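A, B, C and D label the chains in the order they appear, each numbered from 1.
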Amino acid sequence: MISIRKRTFEILDIGKKQDRLSRVIDIFLVVLISLNVLSVILETLPALSDRYHGYFQAFELFSVLIFTVEYLARVWCSVEDDELKRHSPLMARIRYMLTPMALIDLIVILPFYLSMFVTVDLRFMRVLRLLRVFKLTRYSSSMTLLLQVLQRESRSIAAAMFVLFMLIIVASSLTYFAEHDAQPEAFSSIPAAMWWAIITMTTIGYGDVVPVTVMGKILAAIIGIMSLGIVALPAGLLASGFSEALRQRRRTYEKMVDQVLQDGYVDDYEQKALNQMRESLGITQEEAAHILHTNQTRKQEQDLERDLQTLRREMEAVKEDRCPHCNHTVHWLERRKDRNEDPE
Amino acid sequence: MISIRKRTFEILDIGKKQDRLSRVIDIFLVVLISLNVLSVILETLPALSDRYHGYFQAFELFSVLIFTVEYLARVWCSVEDDELKRHSPLMARIRYMLTPMALIDLIVILPFYLSMFVTVDLRFMRVLRLLRVFKLTRYSSSMTLLLQVLQRESRSIAAAMFVLFMLIIVASSLTYFAEHDAQPEAFSSIPAAMWWAIITMTTIGYGDVVPVTVMGKILAAIIGIMSLGIVALPAGLLASGFSEALRQRRRTYEKMVDQVLQDGYVDDYEQKALNQMRESLGITQEEAAHILHTNQTRKQEQDLERDLQTLRREMEAVKEDRCPHCNHTVHWLERRKDRNEDPE
Amino acid sequence: MISIRKRTFEILDIGKKQDRLSRVIDIFLVVLISLNVLSVILETLPALSDRYHGYFQAFELFSVLIFTVEYLARVWCSVEDDELKRHSPLMARIRYMLTPMALIDLIVILPFYLSMFVTVDLRFMRVLRLLRVFKLTRYSSSMTLLLQVLQRESRSIAAAMFVLFMLIIVASSLTYFAEHDAQPEAFSSIPAAMWWAIITMTTIGYGDVVPVTVMGKILAAIIGIMSLGIVALPAGLLASGFSEALRQRRRTYEKMVDQVLQDGYVDDYEQKALNQMRESLGITQEEAAHILHTNQTRKQEQDLERDLQTLRREMEAVKEDRCPHCNHTVHWLERRKDRNEDPE
Amino acid sequence: MISIRKRTFEILDIGKKQDRLSRVIDIFLVVLISLNVLSVILETLPALSDRYHGYFQAFELFSVLIFTVEYLARVWCSVEDDELKRHSPLMARIRYMLTPMALIDLIVILPFYLSMFVTVDLRFMRVLRLLRVFKLTRYSSSMTLLLQVLQRESRSIAAAMFVLFMLIIVASSLTYFAEHDAQPEAFSSIPAAMWWAIITMTTIGYGDVVPVTVMGKILAAIIGIMSLGIVALPAGLLASGFSEALRQRRRTYEKMVDQVLQDGYVDDYEQKALNQMRESLGITQEEAAHILHTNQTRKQEQDLERDLQTLRREMEAVKEDRCPHCNHTVHWLERRKDRNEDPE
């Protein structure tokens, strides 16, 4: 019984890519989630929704069934997780059920069962079904990477957001006072002016609300130019954080390659370990090959360089009558002579 | 009397977060300012403004009272400030009253008192009330950071602005000459064309003014492509300045952690000092924990590495019959032998 | 026969810029391709297309003829390529014909010959003719550079695209549910809402579809602000990858200049080698001159610095009665004195 | 006579800011140029142009007079320029007249004199008058900096432009084929579609031309997402180039401060030299003070650190009975003892 639970946990766990069955299940679930998202999207097309209503419903039923089984299996075998093992089985399962991913797993199936007993708003149910797209997070290393970056850069992004927020308030208020009389409908209140301010500051500029007074236009021009700098802040911070995180992953891999190359070549066992690391870090095969090649070349160059330097130093030392170890020439020889002359 | 003044100064001063009363007052003021800003915004919604007119007025009265007390208290105890202490009390207070933050504190309460004696334009009063949002600057480390970055990068931003300014003049003038005849209203003058030029160059593109002649479209296309580079300059400079400033703060903290870890562990007193620094630099607890952990690990690695190298060197020296200090073998031994043979 | 084939290969091969005939042919082909693209573009102008119909057709005939000859020549002499030499002539040619560039060469002439036998849709033929623009890729070092960068950064760009894709799905679905009732035409389905979402998130903001409900506007504002960061990711990654690749090219050149300057000056043979490398790396003459000058200056400075330091050390040593090699004074002198006193 | 010419050259030359008269003339010319630009702009406002027609004309006359005198003076004393001195006076003047700045100086006054003899189109004359704004380039260090950066990064910007150009051609052609039938006016030809493509790819998005077919919308979405990366390239390259150039200037100044601080303090002569360099590099006084302070602090820290290390090493050496210079203990002492025992 326990061995089945352990096996189930291994299969559902992401990352163990050597395990063929686990991989098949992963791919099956990713495809199912993607089809679910596609189905929610296509169901909104009247042409399709009318003709294939039955198919959509059948697919929804099938999906909910699978996701329910998946959810129950995950809860059941969550006690195998190393981090939850120290708790009692019940406690471990409750703790697992409260993790964000498990909550999403629950939320995306719950409305279906609820609709059996109470009437649930159809639109609300569709929104909840759409949340299934977040189940993909588990399988996407880029999504996890982005979440990491967001967490690490959270402070500076919050800072940029605070500045942006203040700028929006000031911009919308001033423009409200400038435009309210000329356009009492578009700039009916400061919250209404905020819509204009945000669409302007993000440089989207729909053109549905545009200042018409000279004062409003001057304000909009200043706000437009200022927002160029302020609005670009979160973008710049996120981009640099993202590229830094990617570089770190590459460096971690390079370090391992370096250690592996200490003895000059890569044996079968080391190759396997490198492969595993490459996959867990999400580095492409081309990139890995490039890193390996670069390191090998550099190592060979360094060896060559070292040999050459030693040779050169020894040759010069011989030429100039010096000790090749510490370059003291005259003194050693003089002393030798001194000493040689000493006994005489 | 003086001890009360000192205490008031401590309470109103930001940064001393160990002081519970100071913290409560800080939070109270931040909430009050935020509610004030919210109230100015909501008052512009006719539905709310009509129904809750009395509440808004009462809240305004209450706010002005508090802000007046705050302002007077700040001016009164400003003589306790280390930088102003060397002046006479009167001089210190005048100097304090001329600082930007004190001026804002005054401006946001003044119109209320003025309106008792003279009729002040209601709209102008609202704009001044909205300035209360800048009172938040005192409590936001991100705002202070941004102001620092703006000051440090001021030259390069001014340079980018000058280039942008020249491009706007040239772009609006040329397009004015190209479009004036076709659209005499939208491009009625160069200042009018500037509105179009700025909205185009910031890539907002409302679409309220659009060139229609072939020449105007070609000019707009060239301007659009050129502005991609020029307009991005201030954004890029600000973003890099901001992220550099954040990195510097982190480095300062890392340096302190480094010093604290010299003896290998962190005692209670050091922990307290680190906490204080962390707060004043505005670093999150997660980040601080990460930095501490990284430094500890690195220190242990370095120690291990050093021990290992010493061991390795000594072993090799022993193996090859050399002095472990400078690797001279042959000479020492030879000389020793020389000397040993000397007395013989 | 074989020598003619070798010569043809050399002429058609890019990069050998010392070869005058090869250069002339290169320029001729680049001009012809550019004129072809221009001709496809101008042919869509009714005024030109009607009046010069004959000229356009004649030019098309001439171009296809040249491109056919070029294609056949390339296939014929592809066996001279070092990478394909190890295959049999037939195999080498088939392999060459399957390379992306060879396929493009074929596709852009094929429809002309097909139209002799079957009726081909005129619009489709024009699109294929337009593909001739990609023949320029072969001659543009910047295009090859961009493709390299795209390949190297492919993973992080794919990651950013995945995040963007999820954001588009969530944004369009939520806005669909918010706006569908108010604007049943513009937001008729989620795919229709996607058009709005993409135009908003790329900050293009045409304004043809704009949310009108309060909920839709709040969603749009949040999406607009979020997309500032997410959408800038691929841009930032690409820009940093591009500038990194350019820096690497410069470094490679600097390294070569460094080696060439080891002996202090640049002779005729080295100058030629540098020129060839400069061209193949795509570095301008001004930049190359700048690099050369900087390196020369640095080298001279380093030499000077080294000489100066030696001199200074020797002078101090003499002044303070110490050995210039290791600064031991007292011991040497004392010992000398010891020794000198020894025999006495 | 020659001394007057030399003096005139000094006065007109930029950069010698110690010279009061030169400074006054500089400021006068900058103000005059700015007023000229302002006058061209304001003249297009009908209200102003009608009422103050006479003033505008008088100011134009006065400006042309001054600019003519300036131009003649610059040509006359150009022989004093160090770079032109080796030519004959006539040749030097012709060479000077062909420099870009001298050509601009000529072009902005020429139309006035031409209009005396032939009828010149008024609009064309205004455009030429507007070119006076470029006379400011001479006085703006940021403009010169930008030109330097543009020159240095010219290759990579050209590369990005080529890619952008190809993307525009492909995007406009494909969308033309998709939209031509649905919107025969907006997408009347590929050049017409290019207007849409450029406005879309620069994310301006006026909304005057918008695809309506499903195919056109899909193409526009793809183009919009792709352009996010491609279009950001020149911006990123320019921004990084600009910030790199600013950093280099700062480094140059820091290096000089370093040299000046070698002896520990800054005397009057050094202060003057630093000031001159600061001005020529365009570094603000605050920044210079910051750099000076940082370097002084670092130097003091380094001195302290060095003293401390020496002390520590000596103490340890004494403690462990070793030579403080090279850590050889046992050997020296043993040998000493050996020698001391020798005579015995």
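To be clear about the criterion, a residue touches a chain if its C-beta (ideal position, glycine included) is under 8 Å from a C-beta of that chain, and two chains touch if they have at least 3 such contacts.
Treat the numbers as computed from the prediction; the structure is a model and nothing was measured.
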item: Repeated interface matching A-B, over half of the contact pairs identical, chosen among A-D, B-C or B-D; value: B-D
item: Higher-contact pair (C-beta pairs counted), B-C versus A-C; value: A-C
item: Chain A and chain C, separation of their C-alpha mean positions in angstrom; value: 27
item: Rounded Å distance, chain B centre to chain C centre (Cα mean); value: 38
item: For chain A, residues contacting two or more additional chains; value: 203-207, 231-232, 235-237, 240, 326, 342
item: Of chain A, residues touching chain D in the complex; value: 203-207
item: Parts of chain B lying in touch with chain D, wherever the complex brings them together; value: 151-152, 154-156, 158-160, 162-163, 166, 169-170, 173-174, 176-177, 180, 188-191, 200, 203-207, 210, 217, 220-221, 224-225, 227-233, 235-237, 240, 323, 325-326, 332, 339, 342-343
item: Residues of chain A defined as touching chain C within the complex; value: 37, 40-42, 44-46, 123, 126-127, 130, 133, 136, 140-143, 145-146, 157, 161, 164, 194-195, 198-199, 202-208, 231-232, 234-240, 242-243, 246, 282-284, 286-287, 326-328, 331, 338, 342
